[in-house]
Every structure is written in structure tokens, then in C-alpha cells.
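Note that chain A is present in both complexes that follow, paired respectively with chain B and with chain C.
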Partner chain A sequence: MRVQLRSAAEGEGFVPPSSNDFELPPIFGDNPYTTKPIFLVLLSVILISTFFILSSRKASIIPSKFQFAGESVYSFVRENLAKEVIGHDFLRFVPYLFSLFTFILVNNIFGIIPFIQFPTMSRVSFPYILAISTYLVFHYVGVRKQGAFKYFKEIMFMPGVPKAAYILITPLEILTFFVVRPLTLSLRLFANMFAGHLLLLVFILGGEHLLQGVIGLKLISPFAFAIGIVLTFFEFMVQCLQAYIFTLLAALYIAGALADEH
Partner chain B sequence: MQFVNLAAGEKLNPLVPHTAELVVGAIAFTLLFLTLRKFVVPMFEKAFEARTHAIQGGIERAEKAQAEAQRALAQYTEQLSKAQSEAQTLREEARVQGAAIIEDLRAKAQEEAARITATAHASIEAERQQAVTALRNEVGALAVELASKIVGEALDDQARQSRIVDRFLEDLEKSK
Partner chain C sequence: MANREENAMWSIFGYLLSGLIFWGGVGIALDKWLNTGYFTLTGLLVGISGAIYLIWLRFGRE
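Moving on to the complex of A and B:
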């Protein structure tokens, strides 16, 4: 697609990158299961599994460097996210939060790794999946903990609020818990990755286009590339941050569902 | 496929998910979750637990060792003071005993001296006795001899007589 677009654009001036640049064609024939994002997601699963299985396989009291690397990520999620946010009984949510964090992190960072250079999470399907699973997890946890009736009653009719206020609060709460939370969770991640990648495309492709222009434009192109490089570092930060935020919010929602009062 | 049919100016809605991606995403994430839960989390948790135990055990061991050291120190101090007082006692005893031994030896020596002196006295007395006896015998014999001489020679006068006696005594003196 991209190749077609770019080649068609030649001679017609610069075509700014758009959402179409995220629609990558299948690699094998017409099979929609063979696109680059799909391979990247599978690659991320293999990479994460391999890395953590190898680093934890011989986990001992005194960690090797390799074990220490894997353990640092694990204990970051365990201590800073699960333990601090969920508190008591956090341990059973560690596997989920850990998977969430590493999955998002690696797929985000794919966006700046040379030759891969595509943040998988800029394909909205993947954030949707993660948000849906998180949504299911925290509602399930709440129902299990407090019983379906009490759980949904407390969401809709927040205790300790004057009765008249329910007219206002109840719709808002329902909206928050059942629509806004999963939607914002997925869209925040998607939009950050999408916009970040678009920004990089603008500067890198723009620089490339400038290089093909007249001599004056050729001189400007290094600046475009330089900004592209700076933005790459910035993107790295955003990618880590988004993985953290998604996991943090998931932990917060779980903690909220576990708490007796919202 | 939509990829092929896309016209030049047309824009795709990036918020519409692809079925293939949804399916693969769900499977991939589930797979990752199961793998990490089964193989990775238990191993790390085990290591954490072992570490906690090791640290706790280490602290306990250190505390125990310290207590042991303190106890040993107290014991040694006690033993030292006991040994010192014992040494003091021993020295005192030795001094007393030494004095007693010296006193004893002195008494013994004096006794010995006295005994030797007594023996000497006895032997002198015996010798003297012997000498007296011998002298007595000799004087007797001499007297007899003298008498015979006097008898043999005419005892005319007083002067002669005294001469004889004198001579006799002189002989006696010489023979002694």
C-alpha cells in the first residue's frame, strides 16, 4: 500500500503520511493474517516469553546479570504497580499485570527498533483486546469479591451520597465503569502510538522528500532528520510511559473493584 | 481486499479494528499471559521467597552469633577474674608455706647442730675417761716402778730422796 502510494505520489509533490500508512498489505497473497503487525505481535510474544523464561529458569538467591535484568522488570511491576496499588492480595494479579506491561512495552518499542519500526499498538485492534480483557478482569474480580448484586449496586448507587444526587451520579458512574474506562484505556494507548509514529513519519519522509528537491531544500533536510532523531528519543519515553500508564490504570481498576467502597 | 481497492484520496478509519488483528491479538496475549503465569512468575516468586528467607536467616544467624560471642566474653571475663584471684590465693599460700619450710629447716638444723655438739661432748668425755683410766694405770705402774727404784737404792737422806723424785718426774715429763 505504502509503496503504491509513494510511487503514485512521485511527480505530484509531497504526500503527507496519513492513517493509510498504517494499513500494511498482507505479506503472503491476500491472507489478512500475514500482515506486519500480526507478525510483530507474534514476535513480541516469542521474545517476551523466551527472555523471561531464560532469565527466570535458574532464578536463584544471588541473581546472574541476565536474571537480574528480567527480575528488575518483574519486580517493577510486582512492587510498584501491583503491590502499591492493589495492596493486600495483590499477588494473584501480578501475572496479568506483568503480561500487560511487557506486552505493551515491547510492542510499543517495536516502533523505534531499526528494521521493525512499527508500533503494533498503533493498530487499534490490539489496544481494544487489552482493554476488553482488562474490563472483563476487573468486573469479574468485583463480582467475585462482593457478589454481582452488591457490586453493581455500589457502582450505580454510590454509598454515602444524597439520594437526589443519584439522578446525576448514576448515569455518570454507569458511563464511567462500562463505557469510558475501556474506551479511554484503549484509545489512549492507540492514539499515543499512532500519533507518535505519524510524527516520525512526517519528519523522516519529509526529510527524504526535501533531499530530492532543489539544493536549498536539500540543505534543510538534515534538520528534518535531526528532529526525527530527537522525536525518536521522545517516542521511546512515550512508549514506556504508555505501557506504564495502561498497567497502572488496570491495577487501579482492579483495586477499585476489590475495595469495599468505591 | 480493502488494500487493493483503496483509491488515491480515500482515508481509512484507524479506529475500525481488523478481525484478523483482533483474533491474533487475543490469542497472542492469552498465550503470553499463560506462559508468563506458568513458567516465569513462579520462578521469580520462588527466588524472592528464597531471598527473603536467606536474609531473615542471615539476620537471625548474626544475632545468634552475637549473643554467643557476648556469652563467651562474659564467660572469659569471669574465668579470668577467677584465675586472678586463684593465683593470688596460691601466691599467698606459697609464701606461708615457704616461711613454714624455712622455719622447719632452721629448727632441724639447730637440732642437728645440738645433736652433733652433744655427740662431740660425749666422745670427748669418753676419751677423757679413757685417758684418766689409762693415766691411772700408768701412774700406778710408775708408782710401783718408782717404789721399786726407791727401794733398790738406799734412801739415805732427804736430799737424795727428793732428787730421785725430781728425776722421776723429769723422766715422766720426758716420756710424756
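Moving on to the complex of A and C:
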């Protein structure tokens, strides 16, 4: 339907990409649960599981290339994110962080894979769910480790501050811990993916539109495509970086909840 | 360490944001309630100072 809209509008001049380009119609009939992002999420789960099951099935001391690829992703998350940030009790969080990292990474990279070309995380609900689950994990961990009373007391009342200052500070601590953190966590991922996809649409659809214009415009269009290609590489970098930052912050929040004093 | 800096950066951002939202919000509510016009600005200033104080407590005291 979107394609039809686009080609129908093509005659009347260029339609700049907008947030409408992210609202994809259902694939099967009117069922709103059969949109492209949903299938992409399912596809990502299948891809990730297949890849890591295959790469770890015939594990040997001298790893095959396949096993090596799987293991280097795993050890990256385990050593650079979990171990370095969380410290001695890191091992039980590795599965969560690892799933988070690979899931976000694959769904982000969908944005530049030909024929898929849609970053799932540019639909805001997906980052919301990831942020909510991270939020539950780190508060749960904190409450389990320190006891509910002590944990919340430590968030709200920092030791060594004059009593009067608590009126000023405590609301900010509560707001930061319970609202701003999960919100920025999800919105950062969402906004980066949304903006990146929009940017690519502008240059590539724009280039295509220039190609249909008069001869002078046709000559300009290769530049638009060239910038589109450069931006695709740039997007790849942003996509990896955002997956990394999301996981890093999740690990940092868990580490903060585990620490006895902040 | 890069990770610590990353953490500090986002925490600072979060504190500044919640400072502005909370005390600015209180200011707006007071302005609406009392039909005045200066509490919003005061609230925002109080919020940002509170946030900066908090950031100093967290990261500047060591």
C-alpha cells in the first residue's frame, strides 16, 4: 500500500520521507500483528539461535571459523561488558546481556541489509519492552542484594548530605532512577534507528526521484546515491554502537544496583 | 576508564533532565495555581542547580 501511495504521488513531485514510512501495513489481511517489524523480530530470533547453536554444536579445542565467530561475539560481551563493568559477580548476568546485545545488534543491522532494510528498533515499542525488562532486572537485583528498604533508602537519601538538601535532591534521584533512566535508554535506541532510516530514505529516494527529472537533475542524482552509500556505512557504525551502548548501560545499571554504596 | 566516563556522561544527562522536569514542573503548577508568571523560571533554575549539586555530590567529591 505504501508503495502504491509512493508511486501515485510520484507524478506530483517529490514526497519527502516522513514518519508515515515507518507505519507499514499488515501483510496478512487486516491482522495488525502481521506487520513487517514483527516478522523481522521473529526472523532475528531464528537467525541468532541458529547461528549460535550451529557455532557451538561441534565445539572443539581448535575452533573452526564458524565457532570462532560465535565465540568472539560471546567473549566480547562477557569480557568487555559483563566482567569489566559488573565485577566479580558478573557470570549470572552474561546470558541476559548477551541476548540483549545480539538481539539489538541483529535487529539494528536489518536496517541496511538489502531487501529487509528496516531497523526493527525504529518502532518505539520494541526498545520500550527492552528497557522495561532491563529496568525490572536491575531493580530486582538491587532489592534482592540489599533488601528493599536499604536499596530504596540508598537511592533516595545519599549519605553525607545536609538534611535540608534532601528536599531539593530526593525528587531528582527518584525521577532519575525510576523514570528518566529507562526512558532515555529506550528513546536513545529508538531515535538513532528512526533518524538513521529516515536519512537513508531521504538520500536514496531523493536520488531516485532526481533520476526521473530533466537531464540536469539526472546528473546530480549519482551524488545523492553516493552520499546514500556513505551514509549506509555510517549507519552500520551507529547500529553497532547503539547495540553496544544499550548493553553497556544495562550492565552499568546492574552494577550500580549491586554496589553497596553508590 | 572509558566505561566509567560513559556512565558519568549519561548519569549527568539524566540528572539535569530530571532536575528541569521536576522543579520546572513544580514551578509551572505553582504558576497555574497562583496565576503568577515567575515560578516556572525559578523552578527551572532551582532544578538545574539541584541537579548540578547532585552531580557534584556523586562525581566531584572524591
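In this text, the second predicted complex is superposed on the first by the 259 of 262 C-alpha atoms of A that agree within 3 Å, B and C clash if a C-alpha of one lies under 4 Å from a C-alpha of the other, contacts with A are read in each partner's own complex, and residues count from 1 in each chain.
By our rule, contacts are C-beta pairs under 8 Å (C-beta built on N, C-alpha and C of every residue); 3 or more make two chains touch, one makes a residue touch a chain.
Given the structure is predicted, the values throughout are model-derived calculations rather than measurements.
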item	value
Joint occupancy of chain A by chain B and chain C, clash or fit	fit
Which superposed partner A:23 touches (first chain B, second chain C, both, neither)	first
Chain B versus chain C as contact partner of A:84, first or second or both or neither	second
Which partner reaches more residues of chain A (counting touched residues only), chain B or chain C	B
Chain B versus chain C as contact partner of A:172, first or second or both or neither	second
Partner chain in contact with A:117 - chain B first, chain C second, else both or neither	neither
Partner chain(s) touched by A:126 [first = chain B, second = chain C, both, neither]	first
Touched partner set for A:180, first chain B, second chain C, both or neither	second
Overlay on shared chain A, then closest C-alpha pair between chain B and chain C (Å)	19
Of all residues in chain C, those that touch chain A in their complex	1, 3, 6-7, 10-11, 13-15, 17-19, 21-23, 46-47, 50-51, 53-54, 57-58
Of chain A, residues touching chain C in the complex	84-85, 158, 161, 165, 168-169, 171-173, 175-176, 179-181, 184, 245, 248-249, 252, 262
Contacting residues of chain B [partner chain A, same complex]	1-3, 6, 8, 10-26, 28-29, 31-33, 35-37, 39-41, 43-48, 50-51, 54
For the chain A and chain B complex, residues of the former touching the latter	1, 5, 8, 18-20, 22-23, 25-26, 30, 32-33, 35, 37-38, 41-42, 44-45, 48-49, 52-53, 56-57, 59-61, 63, 67, 70-71, 74-75, 78, 91, 94-96, 98-99, 102-103, 123-126, 128-130, 133, 187, 190, 194
